[in-house]
Amino acid sequence: MKIKTIMCNSSKEFFEKHSKIRESLATQEVELLVTNIEKGPVSLETLFDEALAGPYILKEVILAEEQGCDAVVLDCAADPVLGAARQVSNLPVVSAGEASHHIALMLSDNFSIITTLDESISMFRENVSKYGYASKVKSIRAINLKVLDLEDEEKTLEALYKEALATIEEDGTECIVLGCTGMLLVRDRLQEKLGIPVVEPLTMGILLAADLVRAGLKQSMLSYKKPSEHSQKLLKNL
Amino acid sequence: MKIKTIMCNSSKEFFEKHSKIRESLATQEVELLVTNIEKGPVSLETLFDEALAGPYILKEVILAEEQGCDAVVLDCAADPVLGAARQVSNLPVVSAGEASHHIALMLSDNFSIITTLDESISMFRENVSKYGYASKVKSIRAINLKVLDLEDEEKTLEALYKEALATIEEDGTECIVLGCTGMLLVRDRLQEKLGIPVVEPLTMGILLAADLVRAGLKQSMLSYKKPSEHSQKLLKNL
Amino acid sequence: MKIKTIMCNSSKEFFEKHSKIRESLATQEVELLVTNIEKGPVSLETLFDEALAGPYILKEVILAEEQGCDAVVLDCAADPVLGAARQVSNLPVVSAGEASHHIALMLSDNFSIITTLDESISMFRENVSKYGYASKVKSIRAINLKVLDLEDEEKTLEALYKEALATIEEDGTECIVLGCTGMLLVRDRLQEKLGIPVVEPLTMGILLAADLVRAGLKQSMLSYKKPSEHSQKLLKNL
Amino acid sequence: MKIKTIMCNSSKEFFEKHSKIRESLATQEVELLVTNIEKGPVSLETLFDEALAGPYILKEVILAEEQGCDAVVLDCAADPVLGAARQVSNLPVVSAGEASHHIALMLSDNFSIITTLDESISMFRENVSKYGYASKVKSIRAINLKVLDLEDEEKTLEALYKEALATIEEDGTECIVLGCTGMLLVRDRLQEKLGIPVVEPLTMGILLAADLVRAGLKQSMLSYKKPSEHSQKLLKNL
Amino acid sequence: MKIKTIMCNSSKEFFEKHSKIRESLATQEVELLVTNIEKGPVSLETLFDEALAGPYILKEVILAEEQGCDAVVLDCAADPVLGAARQVSNLPVVSAGEASHHIALMLSDNFSIITTLDESISMFRENVSKYGYASKVKSIRAINLKVLDLEDEEKTLEALYKEALATIEEDGTECIVLGCTGMLLVRDRLQEKLGIPVVEPLTMGILLAADLVRAGLKQSMLSYKKPSEHSQKLLKNL
Amino acid sequence: MKIKTIMCNSSKEFFEKHSKIRESLATQEVELLVTNIEKGPVSLETLFDEALAGPYILKEVILAEEQGCDAVVLDCAADPVLGAARQVSNLPVVSAGEASHHIALMLSDNFSIITTLDESISMFRENVSKYGYASKVKSIRAINLKVLDLEDEEKTLEALYKEALATIEEDGTECIVLGCTGMLLVRDRLQEKLGIPVVEPLTMGILLAADLVRAGLKQSMLSYKKPSEHSQKLLKNL
């Protein structure tokens, strides 16, 4: 099967580095079409960025079908325009952030999200309220490194480790969810140092998207109703 | 004071008819700058429409400051990109839908929203979950008239009355919130027929925006943190 | 229009000082009838005080109609006997505390209430549970100054500032609601020092009451059903 | 031990009939001091009635100590001024309604309250929200017989049975709580007809009050803080 | 009446010491049949222990009827297999833990549970979520003494006192519930030292079971439906 | 990788038929060790059955490690003794029911569970309360066919279809979760008839268990703490 992942920012540097990492997540069974958005913010860090990136993300979502894909994964821990993507696509649409939360809830009584910047926290807060499990989220914290600064793996690992220890001790967290898909490379080491599960969103997003394809499932058309033809046309001319 | 209202669709016909209605909401104290968005969907009826309209709404939000406005009101019951608007603006930002919910909660133990189309319901469902009072919302129902078909006032009134009676009887609703700012003209008659409060979103949005200006209040910069300079620039070139 | 405000204590000193402050909230459009209760506790600081003041508050609520008022505002952050007042009155009834909470929820993701005394906290706790948004209230704290000691503005400001900083840092609060209408005079300075919104209840109560009058709204008769004739008569002979 | 029950209305007829019923609840171990309030509404059916009865209820609560009682029971399913009563008394204070809810929650996954009049429903709604288990209450319904009309046992039983069947079938209720202590005499027959538990509030209030005395427990002074001396004095001169 | 209490562990030492303590809870009215389980864990400290003890607990529950008992009390603060016990028994079944929580909620706005070991905490967490009042539980803490080490009363009292003070100060708790029925003997002294209510589960379990018998109540057969004949037979041959 | 599935009943007929079905879920990557429990109830339909099956389920869970398995799946939609299984195992433990709920929540705003018998409903009700998303579950319904009667596929399909239509129309459900792993064979046809997602628990349990193995994840040792050595030994001698 073929799964399309959509990085929800337009940074070329990010794409170059991270597309290689993503390709390593492909398997014999699961081919990946790794993409990003052509325009919009160079990193998605606020609700404002989400609004600017939204149309370009949806454009990629719609394209997936004619690209012969079987499922779509939003490659962003903040799940931008996820509901709209599910409305407009005939393919199963999974988002990295939401997928990681559900996995965390099967591993632990509760979890904390550790993201990049303080100004990103409100996106996650809105999401867990919408999804209905805010009471299971012990905290949403930031390491205050910009997405594009996550290149320095040692620094990222150190910052995540410090914040994870703090949330375990101060907030009673029992599982960590990474709040940015740019943190993928440090997951293994962070989990080893902490001794509790560290859930990486993109990994889970791709795995769950493949599961939906295998199981013949996609989003409910009662929950995610089709948008009007007029609006769908608009997007094509973006 | 001067308040800018932003209709969150690009329909010229809608603007022509409804800008006159909105102007009648101005008072000696409150001058209104009635606007709509220049591009994007001709009506905002789904999460998908919200994503497409988002950047154009935010552009108008940002413009308000140099237009000498004191506050901004999103003229849409679905509160599109409200969080992003609050992040980027230095003015108090109120949205019609959210304002109407809070007023309803001061008039009644609970309320129902009656909107235009079935495919619009998920927007309201997401909102009331995010806002934290989903348990106070008895139902979200649709009359299945398109926004642009609300022109026929008698038909609109009849459809709203029928659906309102049903939600009072079947769902135990004690207050009605109109789920589209295009229903403004029928509020008075609907309330009279029903005998319970009918809250019209735009009216409440403008009144509450004026209140915030009078009281020297605007959104908390801890809840709504500024987006990056880079992203703000992007919007200017939209 | 004419709005009646009812201070929910019988202290003459409090009335003398604060009636002048309240009169400054009148505008060309909004005439105020500033009153207090004739008997009952000299300050309303506990559920017990609320029970003692209740009949006298309701007596003033009922009188408002023959005094030619268009709306009633309970001038107390603890919203004493608010439900009963709405049941018995034909006018829209707003209470200062509840009004301030709803405004706070439009300015911020969450809020904290700072009131006068530790023994007052349970009143607010009961209220936010009844109103359905307890999960949005980060804390309810007290400065441990009696209502009648709020005369010393500098001391009040200092105590509020200290407690507000503590709740921002320790509880993660993003907006402050004043928990006593006797703190009105220090709001502007407190907000300036804190840099986040500080919501003053009486101001918001009067503004929202005026909004209801303008919009032709009052409480739902399905939520607030009329009490028996027998009981209404009792009150007249109090 | 000696337990004081306080009927929360001033009706002499009600007192005469029901004081005999209450006396039958005394045991060798538990002596009852059956009282009512001297003034106030002749039946407590709305939040408004509760506010009028409040001071007289509290007066009886305070008197209990010098009457040599070991505990106080509010003999009303609507728990009027319960928090205030707990603040002011040095004895354990139990209320019939709250006691019956907790017993119901140990007998069943959920329950419904069936009370006298439609206008009484909002009192119960406020209570279960305050107490924190609103999601366990399937419905609050009324048989629309006035408290003083409950004299006709057959009519009362029939009306309760009809409403109980409806709430079982339509709302999925699995346990019935009687919403008025004037329905005591029909409990046994109603339970027999329905085959599911029917919880009578006053019975449970007296039993639980006796339990608290046996176990050396009373309300927490951290939750229910003492009111001021000034206010306590006021009550004495009522 | 005759009430059967079932210690939910198979330790002979525990039984010998504690059966004497339990017998002191009998009264002229309430005869106690004090039992434990014949096999299974020597102390019930984890969900795993609960699963192992389950069949033996249920065996004792079923036996109660032919032993001429009127009610059954699970003598364990963790309420093991409580739902199953209620399904299979024709007698009212009360569990110590659940009973203590409901009493705590009538004494205070909230409570904390202090149990023996860290690994026991998840049992209580599951319970209060199932019961629907997790938001009223400020914390669940452990003193890290094994059940069988509670013999040393001074050490137990000291450890409980330290943890109770911590939860009052750090978590804002206003009432303490003991999280193990082996702590019964220190309750009085702990309450005296703390000045807030300390609720002992077994005491409350027996008192409430007796109340149900007096009031003619038992669990709802709609909530707790009978298990199959086949499964009931299995238990007999355990 | 090798995944062990544990049917949570001891019926030989069920095992014979269903082990073949399960083997068809194996893939080149995922080897399945399909087992059932050696003793205990022949079908798991109530909380009582769960308690009886519990020790035998845990015995199989523990055996998995020495059988060279990489993960364990509880093959039961009711998730019996799931917490205990996670405590005692060093392997990731997934349960069919819980897995299906989380997948449903990524496909839809809400879901309904359709299980076999009315007496099974309380198991699911307890679970979704424990897991924290009860408000997302529109209904839990039963088709009133015993597990062992699901052999008749046409009858099962028809009964499920009828109940699914009813819950869509009456309860507003937007996704169906099958409430018994014995319904696996009819999923595809049911989904096709309904046009909304039908989630089959065992399929999802196996897929998610494989995902955890791939991602290097297992349950948090802070949420699921190891039981005592003494209790673990007990199980070996069962």
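When the chains are written out, they are named A, B, C, D, E and F in that same order, and each has its own residue count from 1.
Note that in this section a contact is a pair of C-beta atoms (placed from the backbone, for glycine too) under 8 Å apart; a residue touches a chain by one contact, two chains touch by 3 or more.
Just so it is clear, the model here is predicted, and its values are computed rather than measured.
Matched by residue number, over half of the contacts between the chains of D-E recur in the interface of A-F, chosen from A-B, E-F or A-F. Shared numbers divided by all numbers used gives the overlap of an interface; between chain A and chain B this overlap exceeds half, so the copies present the same residues. Our note on geometry: chain A versus chain E, Cα centroid distance of 44 Å, whole angstroms.
In whole angstrom, the spacing between the mean C-alpha positions of chain C and chain D is 30.
Residue positions of chain A touching 2 or more other chains: 109, 122, 132, 135, 223.
Interface residues of chain D facing chain C in the complex, by the touch rule stated above, are 40-43, 45-52, 54-55, 57-58, 81, 83-84, 87-88, 118-119, 122, 126, 129-130, 132, 223-228, 230-232, 234-235.
If you check the complex, the residues on chain D that touch chain E are 29, 92, 94, 98-99, 102-103, 105-110, 131-133, 135-136, 168, 174-175, 188, 191, 195-197, 199-200, 203-204, 207-208, 211-212, 214-223.
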